[in-house]
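Listed next: structures, encoded as structure tokens.
Shared chain: chain A. Partners: chain B in the first complex, chain C in the second.
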Partner chain A sequence: MKRVILVRSMWMAAILLGVSFVSFMLMRALPGDFVLAAAGAQMLQPEVLEAMRRDLGLNQPLIEQYLSWLGAVLKGDFGTSFVTHQPVLHELWPRFLVTLELALIAAFIALVMGVSTGLVSARLRGAADWIVRLYNGFILAVPNFVVGTLIVLLVGLYFPELAVLSYTPFLEDPLGNIAGMILPAFALALAISVTISENTRAAVLEVSNQDFVMVARAKGLLPRTILWNYLMRNALTPIITVTGLQVATLLGGSIVIETIFAIPGMGQYLFDSITSRDYPVIQAIVLVAAACVVFINTLADIAYATADARVEA
Partner chain B sequence: MSDAAIFSLAGAEPAPRRRLRPTAGRLLLGLGLVMLTILVLITLLAPLVAPFDPSATSPQSLEGSSSQHWLGTDAIGRDVLSRIIVGGRTTLFITFTAVSLALLAGLVLGLLSGYVGGWVDEVIMRILDVIFAFPVFLLAIAVVAALGPTVPNLILTIAIVYTPAMSRVVRGPVLSVKKWDHVEAARSIGMSEWRIVTRHVLPMVVSPIVVATSLTLAQTIFTVTALSFLGLGPPPPDPNWGGMLADARQFMELAPLTVVGPAAAIVFATLTFIVLANGLREVLDVGSER
Partner chain C sequence: MTASDPILSVRDLTARIVSRKQIVDAVKGVSFDIARGEAVGFVGESGCGKSVTARAIMRLAPEGTRVELGGSVHFDGQELLPMSEAAMRDVRGRRIAMVFQDPMTSLNPVITVGAQIDDILRRHTGLSGRAARARTVELLDQVGIPAPAQRADDYPHQFSGGMRQRVLIAIAISCDPDLLIADEPTTALDVTVQAQILRLLLRLREERGMSLMLITHDFGVVAGMVERVNVMYGGRIVEAASVDDIFRAPTHDYTRALLAAVPRLDRHGVAP
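Presenting the complex of A and B:
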């Protein structure tokens, strides 16, 4: 057990190192001059540009630049925004929390939808199974930004009194904040609910075929008891793992939805930074989102290894 | 040696062709092929099929459906249907080229990794693990933003983003197939490694690759249209589905068809490849990925 955690954590550290290097190189591989981008629209003297280059450490070898950048990042210093000249972390943190909230609400909606359709599919079989699977196949073909745009369109046409595009900060009005998050979260949740539904179906079907369930049925336990105490209990691990992995990708994948619904999260921040070519911010967001995925992946691996002693480290 | 020759050698009559029973998998595959044909035909013949010039403006802006403009007109009076038909060209061209590149790279890396094994496998898989850690769409956005949104950059980006997944799909089955007896036999009679790989390993792993390619095509349509939706797509004036959807949002309550049209096109194209992938999976009997 301890060995599993140790090996996975070292593995995670190695991947994170690679991820940080790619994030670093991504912004150094830009066509054009980094300093000119930092200077923005101002026309500066060559001497000033040279001084900026020295300040940013751009005249040092690439590997030294990377190491000093990595050292700063580990201390929580992601550099300064080219646009606002504020520390990136300072601006990123509140937006990260907004995206996290959106992702968690989406995960909750997706869990409810996915587990219930998956259960219907696995328990009823026959026509119900087919309907659910066709529905899942269709939903998978509708990208989240299409769902989002259509929601905004329908609300605008038929319920104009619902203000979809107004975001309320959580501290001002917690209920209004959550209410405003439901529609965008729903748009994000649809595709995830399909994955959860398919996994629930597969997990429940697999457990149903095992001997201990037959024994439970043979000794006359109520179907309801079998469902909750035997089937769901064992099917839960894969379902939770899948949901976790999906939430991790949401942290980087809610860009379009945040833009459509005007939610001031990490995704919209990324979009704005791309428009204004604010490279330190882009770099920080890419790094944070990828780190979240790696972290949750590792947690899922450890959870699997803990639940199933046969998994090797 | 043809099949007929084998049968005559064995001194047996060729078995009568089995009638294909319409199973669910075959129905899905058939439906997918029909949808693909429609999609490809409309795309290839776009200039002939489109009723209007997609870039021609007219004073009749934001009109609803009429016998002339079936899906109405957009904010500067361009025919929506024609723009959808021609816009499919850009979107699908990027999709097909990018996935072909990712498939090619995935084949090379996956075969190298799986068949050669050892440190080659370690190095390739560890590098791909790092790329795999980035959420696909996020990486695509960052790379396109860094390189600039042009058609070649979009193709390159999407190819890079989907290469790790493709390589894994190839590597997995190769790992087991290379231990099979017929590979050992081929090697024992002194067949060259290249011939073993192309004749005896690759044909055995085609099915999962075909299914994965179809699913990747569906995901790529999402990625391309979503990038275009954010303004990181192919530059104007050529229409594309994601960009049309984004442009239409401003006036969508006045002319809902300007949104519904491109949305339907995106869903249809994605659905085509999902139906195709599911049909292929049933017919080729490929297990689920896990």
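Presenting the complex of A and C:
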């Protein structure tokens, strides 16, 4: 187990290093830089722009800029925002928590909806199967920003007292905060729940045809024992895999949903910082997001090995 | 009811398998008895309906297919076909148990073999916790698993094919069934392991006085294992006789053909 953790951590470090390098270079490859974006419509003298670049260190060779950024990050210093002149971590942390909360609630909703509909579809077959699959196909065809916008519009129209667009900080009113998160999390979860549902259905159907399920029935076991210990326990591994992959995409989806529901999370922060080419902020967000994805995949691997003794972690 | 009443009496049993694609009449009216403590062999080629007959007695159908049953299956004073599914679950595993063909796929790969014996004990015997565990270890010992207390915590993939079949036999005998149906129990195993498994079945049957319905395509398996043989072909029983008579004087052409198909060492045609 120690060796596994060591290998895993080195793997994680390598991925994060690669991601930070690629994103660093990609951002610089975009036309325009922070100085131009900050200048906006003002026609500043080229010498002024150059002086600003020199102040921010943007005139250095790219590789040097990257290495000095990396060196600082390794010491825990993510730099200061070009726009607000605040330490990046200081601004990022509360926003990260908001997005994390949204993603966790969405993952929970997606898992509950996906697994239950997939299970119903596979076990009942017939009409229930048709309805679930039709619904899945429909939801899959509709992008989540459409669903999100529809929710905002419909709730705003018919339940104006719910006030969808007013975010409450967790520390002010924990219950109100969670209640306010449910609709955006639902919009975020829908597409993912469909993928989980389809995969659960396929996995349960596959397991249903295995000999050991026939043996379980020949033992006279109760249907619920067969369902949990034989069908679900075996269907769990593919469900874990797909859930891990899907939850990682939640971070990307949250950019859109946070914008629609006016939630002050990391997604909106990323969008703003890309528009203003606020490089230190972008770098930090990309690194945090990549770390989350790698972490979730590691968790999925561990869950996988726990669910199935044949898998070596 | 007297001791001489058969434990199982099947009359005009028919089984029609209905799947989305086709309808197959797999069993077309078979009748036979199995006495208490008796061992009866069912021999025939693949697709002759012997496995469907066995599953019909247990009222089991493969997932996604429907099997329409007709006729009567009388087991120890009860008619099984009209029984409710819940009542049937009390019969399965406790009164009638079954051992299947392929031990490699018949055990649940994600739970320990001990847990797979525990669950049937809990279901039918009321044993639980430490008592169920003790019984599980005892059963593994009875079917010849070495170091049963440790092996109970192992997963199926840590066992060989022959050892897995022993585990499945332990599951089958766990609740002292009156009738054990063994459907090609040795087909998927090596020849040397086959003999061990057959000896084990023979020993357990004698110790427990349970009836045995042994299904096979191999006359070599039947000899020495059963008292009577039913030869099946095309969903019917074409010949029923004592095992001695079948070997000495088979009456049906199909039986003769089947017997002639058994490779023998004392004739020519032996592989070099």
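A few comments on the model shown:
By definition in this document, the second predicted complex is superposed on the first by the 248 of 313 C-alpha atoms of A that agree within 3 Å, B and C clash if a C-alpha of one lies under 4 Å from a C-alpha of the other, contacts with A are read in each partner's own complex, and residues count from 1 in each chain.
We take it that contacts are C-beta pairs under 8 Å (C-beta built on N, C-alpha and C of every residue); 3 or more make two chains touch, one makes a residue touch a chain.
Computed from a predicted structure; not experimentally measured.
Of the two partner chains, chain B is the only one that A:F145 touches; chain C does not reach it. In the overlay built on the shared chain, the residue A:V256 is in contact with chain B alone; chain C does not reach it. Legend: residue contacts after superposition of the two complexes on their common chain; A:P94 is shown touching neither chain B nor chain C.
The larger set of touched chain A residues comes from B, when the choice is between chain B and chain C. Residue contacts after overlaying the shared chain place A:Y230 against chain C, while chain B stays out of touching range. Contacts of A:Q210 after superposition: chain C is touched, whereas chain B is not reached. When the shared chain is aligned, no partner comes close enough to touch A:G71: not chain B, not chain C. With both structures placed on the common chain, the touch criterion links A:P169 to neither chain B nor chain C. Shared contact residues of chain A, touching chain B in one structure and chain C in the other, are absent.
Note for the complex: chain A touches chain C at residues 208-222, 225, 229-230, 233-234, 236, 307-310. On chain B, the positions that touch chain A within their shared complex are 126-127, 129-131, 133-139, 141-143, 145-148, 218, 222, 225-226, 229-232, 245, 249, 252-253, 256, 259-260, 263, 266-267, 270-271, 274-275, 278, 288.
Chain C contributes residues 58, 60, 62-64, 89-94, 97-98, 100, 102, 105-111, 115, 119-120, 123-124, 155, 157, 168, 171 to its touches with chain A in the complex.
On the side of chain A, the complex with chain B involves touching residues 14-15, 18-19, 21-22, 26-27, 29-31, 137-138, 140-143, 145-146, 149-150, 152-153, 156-157, 202, 248-249, 251-253, 255-256, 259-260, 270-271, 274-275, 282, 285-286, 289-290, 293-294, 297.
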